[in-house]
Each structure stands twice: as C-alpha cells, then as structure tokens.
Amino acid sequence: MADGRFFNNAGPFSLAELVAISGASRVDTAAQSKLYADVQPLDSATPSDVSFLDNKKYKQSFLETAAGLCIVRPDMADSAPPGTQVLVTADPYAAYARVAGAFYPVPVPKGAISEFAHIDSDAQIGENCLIAPGVHIAAGVTIGTNCVIGAHTSIAAGCQIGNDARIGASVSLQYCLVGHSVIIHPGVCIGQDGFGFAPGAQGHLKVPQLGRVIIGDDVEIGANTTIDRGTGPDTVIGTGTKIDNLVQIGHNAEIGRHCFIVAHVGISGSTKIGDFTMIGGQVGIAGHLKIGAGVKIAAQSGVMRDVADGETIGGSPAQPMKTWFREIAMVQKLAKTKVGKHGQ
Amino acid sequence: MADGRFFNNAGPFSLAELVAISGASRVDTAAQSKLYADVQPLDSATPSDVSFLDNKKYKQSFLETAAGLCIVRPDMADSAPPGTQVLVTADPYAAYARVAGAFYPVPVPKGAISEFAHIDSDAQIGENCLIAPGVHIAAGVTIGTNCVIGAHTSIAAGCQIGNDARIGASVSLQYCLVGHSVIIHPGVCIGQDGFGFAPGAQGHLKVPQLGRVIIGDDVEIGANTTIDRGTGPDTVIGTGTKIDNLVQIGHNAEIGRHCFIVAHVGISGSTKIGDFTMIGGQVGIAGHLKIGAGVKIAAQSGVMRDVADGETIGGSPAQPMKTWFREIAMVQKLAKTKVGKHGQ
Amino acid sequence: MADGRFFNNAGPFSLAELVAISGASRVDTAAQSKLYADVQPLDSATPSDVSFLDNKKYKQSFLETAAGLCIVRPDMADSAPPGTQVLVTADPYAAYARVAGAFYPVPVPKGAISEFAHIDSDAQIGENCLIAPGVHIAAGVTIGTNCVIGAHTSIAAGCQIGNDARIGASVSLQYCLVGHSVIIHPGVCIGQDGFGFAPGAQGHLKVPQLGRVIIGDDVEIGANTTIDRGTGPDTVIGTGTKIDNLVQIGHNAEIGRHCFIVAHVGISGSTKIGDFTMIGGQVGIAGHLKIGAGVKIAAQSGVMRDVADGETIGGSPAQPMKTWFREIAMVQKLAKTKVGKHGQ
C-alpha cells in the first residue's frame, strides 16, 4: 500500500472495472466481481494487489509473485504462478499506468488562494486555482482554470499559463507562454536571458535576448531544469514533450512534439529537434543543428552534426549506433594485441 | 517586433543614429534620416528592420532577407539583396548587440522595497533598489545602489553586493562578496559548503569550509548554477567572466577574468583558470590543476592535467585538438578494416 | 583568519588541547601551554596558526610554510621548516577537520520561528528549531529538535524530518522521510515525480509515482541536487552518504551507506549501489543495474553494466581501470603510426 501520509487509495476496484480501466484483455477465470485493493511491484504484491511485468529483467519476480492480478504481454500469459490471474495487453506499462492512476488519481485542486500570496491587481487568475503562500504573480500575468502553483514560485510580468497547470515550489517563470495541462516541477527556471555575448578583447558585450519561451500542451519539465528565452526568435517546447531534471535548453532551441529528454542533457542554442525524438541522459548537442524526428540518441553522446529522421546514434562525437559499437569493440580487441601493447 | 507584453521598443532610430550606435561604417546610399523601427532575425526582418549576419551558416538567409538594413563583415558588403542597405564592421555581432540594446534598453529600476520583503534592521540597502516580495536579507548585509533583487531570494548574514546588481528569483547567497554590475539568474546558489570530507571507514568527517566566494565586476551567472565557498582560501570568479546555467564550481577554484563557462561544466576544487579561457558545455575539470589563459576546451572534454596558455584541447582525457581529431579519425578508419573487424 | 563577518573563531587553543582535539601525536618540543590562534592554509599561515599537509602536491608549500604548527603524516615529520612544530597522524586531513571544527564550531541554533513562516496548525515542530521567514510547512509534517530551516523552503504534507537537520534556502521537500543530522543545501528538490511514462505513438502516458524518498542519518545533499521519489518502491539514500551539487538520482534508486557522489552525476531509475562506493563527477549510470560496495568510478564514466564489489572502473562505456588506461594509451600510440595516418 502506498504510504497513507502521502497518497489516498481510491480502490478497491473489481476485476470487471480493472479490465475496463486498463484496456487489457481478461484471460482468467476469476469472478468479475472479485475486488483488488491496490497496485504493488511484483516483489511486494499480495493476492489482493495488481502488478505488471514489462521489463524482461524482472521476469523472475513475475514467476515468483504473489500478486492476485498481473498485467502482462501475451507471451507471458501462461507463465503466471498458480495464484495469479493475468490481464493481457501489448503494452503492460501503459495499462498499469491507467490502473495505478485509477487507484491514486491526481487530486482535483480545491481552489484557494493563500492570503500570503503576492498577486498583482492587474493579473488574471482563472477559477478554482490553488495558490500557495509566498507565490508572486506580477502585472499582466494570466493563469487559466484549475491550476496549482507551489510555494514561493515567481511568475514575472506578462506570462501566460493555460488551464490545469501543476507548478511546483520555487519555480521562476519569465517571458513565457505556457499551454494547457503542463507540469513544471520545483526549482525550474524558464525564460531567463540566453547565454549570448559578442566576445571582445576588452570584455564581452551582452546581446539583448528579445524572444520568449513557448511551451505546448501536456509538457512536463523536471526539477531544476533551465530553459532560456530566445534572442529574437523564440525557444519552443512542443506539445507532449517530457523533460527530466537538470536539463539545459539554450536560446532559440526548438524541440518537437512528444520528445523525451533525460536528465542532464544540454541542448545548445538554435538547434532544432523533430517530433518523438529520444535523448538519453547527459547528452550534449551543439548549436545550430537540425536533429530529425524519431531520432534516438544514446546517453552521454556528443552530437556535433545534423541527424536525419529515424537515426539511432551514440558516442562522442556521435555516430550511427552500429559504427560506434564496432569502434568500441575494435579498440577493446586491439588493446589486447601486440599493436595495443607495443604499437607497430 | 519583440512581444510588447515583455519588451518596450525605444525606437525608431535614424540611419545616422544607428551608424553612431553600432560603430559600423556606412557604405550605403540611403538618406541619413531614414528611420528603422526594430531589430529582427534575417528570416523575419522587413524593410523597416535592422538585422545582421555573423555566422556564415546563415548566409543564405542573408541573401534572401527583406531587412531594410543589415550589419555585415566587409566581404559580404556587396552581396546584399537589392532592397537591403548594409553597415560594415569587423564584428557584426557586437555591432548588433549595441543596436539591439538601443532598441530595447535594460529598464532602469524604479526604486521600491516591497513591504513583504524581510530585511534585517542591521542591513544596509543603497539608493534606488528594487526589492521584490519575499526577499530575505539578513543582518550585516550591504547592498549597493540601483540593484534589482527578485522574489524569494535569500541573502545571508554578512554578504556584500555592489551597485547595479540584477539578481533573479529564488537565489541563495551566503558567505560572499559580490562586485558591481553583476547579473545572477534565478535559482543560483552561491557560498554553500564545499564538498569537503576526510573519508573514513566508520563514516566521513565533514571539513569546515572557512572561506568565501569573491565575485568580480560584470560577472554573469546562469540559472541554477552552484558556486561553493572556499575551505579557507576563497573561491574566486574574475571580473567579466560569463557563466551559463547549471554549472558547478568547487571550493577554492579561482576563475580568471573574462572567461566563458558553458552549461553543465564542472570545475573541481582548488583548480585555477587563467583569463579569457573558454570552456565548452559539459566539460569536467579535475581538482588542483592549473589551466592557463586563453585556453579553449571543447564540449564534453575531461581535463586531467595542467594546460598551458593558449592551448586548444578536446576529448576525455583531453588532449591537443589536432591529436584528438587524429585519434578519432584513426579509430573510425580502423574500425572499417580487417583489424577492426577481426583483430590481427 | 576566516572573515569575521561570516565566521566566529572559538580559539585560541593550547598545544595540549590541539593534541587532544586532533587525535594526532606530538613530536615537537614546544610548551604544552603554547597557544595557537587559528587554522590557515600552508601558504598563508603565520607562526600562530595551525595548518596541515595531506595532498603531496602541496609539499613545497609545506617546506616553505610559516605555520607555527602543522599536522602531517609520519614521513613528513622531519621535513618541517625550523619554526614549524608538527603533529603526526596517519590521516592529517581528518585531524585538521577536527581542529578546524574546534576553532569554528557549527553554531547551535537559537530556537526561533519567524512570524513570517507559514506553518500549518497540524504540523509538529520539535524544540529549539530555527525557522526562517517564508518557510512553508504543510499539514502532517513532523520536524525534530534543533533543526535549522532556511528561507523560502517548502515542506509538503506528511514529510518527516529528524533531529539536528540543517536545511538551506529554497529547498523543496515532498513525499520524503529524512533521518537525523542531515544537511540539505539550498535549491535541493526531493520527492518530486520520477520520470516515468508509458511511451505511445499518440503521446506518452504518465505513470503515477507512488513511492517515497527515504534518507538515512548524517546524509549531506549538495545545492540544486534532485532526488525523485519512487514509483511504488522507494528511492533510498543510505546513512552517511555525501552527495555533491547538481546530482540527479532517479526513482527507485537505492544508494548504500557512506557513498560519495560528486557533482553532476546522474543515477538512473531502479539502480542499486552498495556501501562506501565513490562516484566521480559527471558519471552517468544506466537504470536497473547493481553496483557493488567499495566500487570506485572515475569522473565522466558511463556505466552500462553491473559492477562487482571493489571494482575500479572508468571510461564510457566503463571498463576496469587498467583496461581503460591501456585502450587510451593504445589509441594515442597508434594514431602516431602509419595505421593512424593512413589505415592499412
């Protein structure tokens, strides 16, 4: 059971309800009315819990689970231990996400604006927003309905935020237009000056940063991530893109829709990235590049050239994955030979 | 036109004024009194806009621009499209920075201290400072004139800040002395304990951190960057140095004047870096090293040795740039041969 | 002398006292009652100061120091300059840490809760806590005795914090249980949603994150570090572990006791790390791995496989240190030969 100090369980749900919620198919023989009380990992699940198997690395845990119900792929449907009923689907992780979301729904905010929030009289706040103590909202800001804004968050003049935003504590928003249903975790900084200077032998001249940050709907932005505003063009984050913690996105970068950007990634200024591209942790991408759609970039890669749609790349400098793996293997092999030990 | 919700245009400016502001030479035939309304990138500029060409990657955009006036290098002076007048200079980016700064000057703060700021009676605040709600200023702090301090920023006991500082929201300053005209973006943490422990088999002993952080004039520090105070010696950031977002600078590090330090760089403790050194994104520099002046370090490099003045290095471990490139080329070539495929 | 604006010197201490405090042995001939006024680095120490030599890189500074007393290893006991008495120990850094801690003890907080803190009536605060303006403490939070909580820190519903915590400014704590004597530096974000999505061609489905973050005693967490809560299992940081600035720890990660994790390290979800493991700066560790106890990982390494107890590894992908060094040497050597220049 999730810790009751932090989470409220909306269950139990019957098997029939879980079939409907999960979108998975029932292949078991249990009664439709059988009740399940909670979701749990395979290792700790009990006969009243729902679990799932997605990553094959955890197959052994599945074979030994005590879960009453488990969501699996078709090829695992016959391998469940005797006490475990199964629900079958091509995407167990998505089905589990729906079930877990039913047991632990995101609380609907009870609209309330703290008397200790500092909201300019010229700001517009939509209905039913929950605004914590210490929030600072400047003139000309507009915020949609049903938004939650955490303590000590600062929203500077002119920013716009859509409906259903969930914004954490100590966030700084400036010069930005944010879509609907956006999640911004604590400590995020959006819209500050890009890193733009004209270098000089007597010191570097600051270049005015005259653009904005435009964030689409359903974007999620991880804790302490930073997104600089554009220099004149805007910095753009496409709808549905998910950004992890401590990511840096430079001025004028344009990120497509539904990308994944893992922690510590740095995307330099003016680089454009297509839709559904996945960028592993600690990747660095140079400036002024075009990265296609559906690209996959391995963790820690250094990308120094344009990348075509659908490429999978790795290494620093990044290359096609096969080439990179072959080079690694070649170096490892060669280091064990005379060449490696003594040169030629 | 920059978004009027965020930016105020101080134009128009006449051609004669723009010549004076930019420092570039006029080689066109337009009337001195012709007015220009705004700055714009080459792609979106109209006949009433000023633009510039610096990075050759955008030459095609220049050849097709509708900008009324464009700042270029001498070799491009004759290539402008028919409707575009040119201003010529050896450094178009610097000239553009001056012009853009004239159109969009940094607003002079209207001195005002929020009644919701928490300022110790023993702190000294200079004239005409703009201090936002929630700012916390402790005893013994002195702040110069014309400073802007963003919401929820915390300045701990004894800190000193010069004139004309622009400090963002949710910044934490401790144990630091800051020069004039410094820009500190949101979420920056300066002066917390360095990472100093005497390791032990029963646990690690914390080493008191008894130094400060000394920051010169005209320094800019990017969002969520962290700079630890010294252990006894100070951590020092030289005048004019520009630091990007999410950079880590360890205790006792001494950074020279007018350096560039790009996002996600980590500089370990007690390392000294000379003036005008440029450090690419995600570079790591080990502790107790001496990096010279005018050094250039490629992105993602790992620096494990001292570096002489003027060197250009790359790779992990970092080597002279030519050596690194040759090694990359060698590995790429060799992986395609029998050696790469089968060893010898 | 440490800057009196920031530090209070509790000295002087006599030689006899310093022997007792440091745990080092006296091999000098000075009077037991001789007083020392301060700690100082070798370079700036005077005859009334205590210094130490640990890193051999600073041996020359030791040979030329003016320090009155110096803590050294046995092999250096006879090399001190004429005016310098020595204290001898196998671990000079630890002995210095104890001496410096005696000169500059951590101030005992004078319990005081700011009238500008926002504390829910259902929160429990232990005796003698120092709580700064703007702190927000939600319902159901319990905080132990003698804790210091910095300005604008936010502690969400249900969190528990032990005794003697030192928490900096603008920290965000959610869904976490924190042990005793924990230090959390400014800007740290703990307990926000892990980066969990079920990817889909129409967009990615958010997976509820139903676990917590469990932090042991004596843990230190550096500025702007982020630790996500678990998905169902918890994210765990073992007792005594020290984490530097800007580190990312993913959901369900379990870090052992007394580890060192240097700045910019990224530890992916569900990875388990043993006790006393040391992880260098900018290391990335993939998800779902088992890293043993006593492992050492060189800076910037990329760890993509399980690692046995006691291994020392480096490189990306990481390999045993000797193998990695041999490969680097091989590539460097080969690039200078015909193979490197022309292939075969």
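The letters A, B and C name the chains in turn, as written, and every chain counts its residues from 1.
Everything below uses one rule, namely that contacts are C-beta pairs under 8 Å (C-beta built on N, C-alpha and C of every residue); 3 or more make two chains touch, one makes a residue touch a chain.
It should be emphasised that the depicted structure is a prediction, and the values quoted were computed from it without experimental measurement.
Asker: Between copies chain A and chain C, what's the superposition rotation on C-alpha atoms, in steps of 5 degrees?
Answerer: The two chains, chain A and chain C, differ by a rotation of 120 degrees.
Asker: Same or different for chain A and chain B, where same means more than half of the interface numbers show up on both copies?
Answerer: Counting which numbers both chains contribute, under half are shared, so the two copies meet through different residues.
Asker: Between chain A and chain B, tell me the centre distance in angstrom, where each centre is the average of that chain's C-alpha atoms.
Answerer: So the centre of chain A lies 28 Å away from the centre of chain B.
Asker: Going through chain B residue by residue, note those that touch at least 2 other chains and give them in order.
Answerer: Answer for chain B, listing residues that touch two or more other chains: 134, 152, 170, 187, 224, 246, 264, 282, 316, 331, 334, 339.
Asker: Using the touch definition up top, name the residues of chain C that touch chain A in the complex.
Answerer: 118, 134, 136, 140, 152, 154, 157-158, 170, 172, 174-175, 187, 189, 192-193, 195, 197-201, 203-208, 210-212, 224, 226, 228, 231-233, 246, 248, 250, 264, 266, 268, 282, 284, 286, 288, 302, 316-317, 319, 323, 326-327, 330-331, 333-334, 336-339
Asker: Quick one: in the complex, what on chain B touches chain A?
Answerer: Residue list for chain B touching chain A: 2-3, 5-7, 39-41, 44, 55, 57, 91, 93-94, 96-98, 100-101, 103-104, 114, 116, 132-134, 150-152, 168-170, 183, 185-187, 218, 220, 222-224, 240, 242, 244-246, 258, 260, 262-264, 276, 281-282, 299-300, 316, 328, 331-332, 334-335, 339-341, 343-344.
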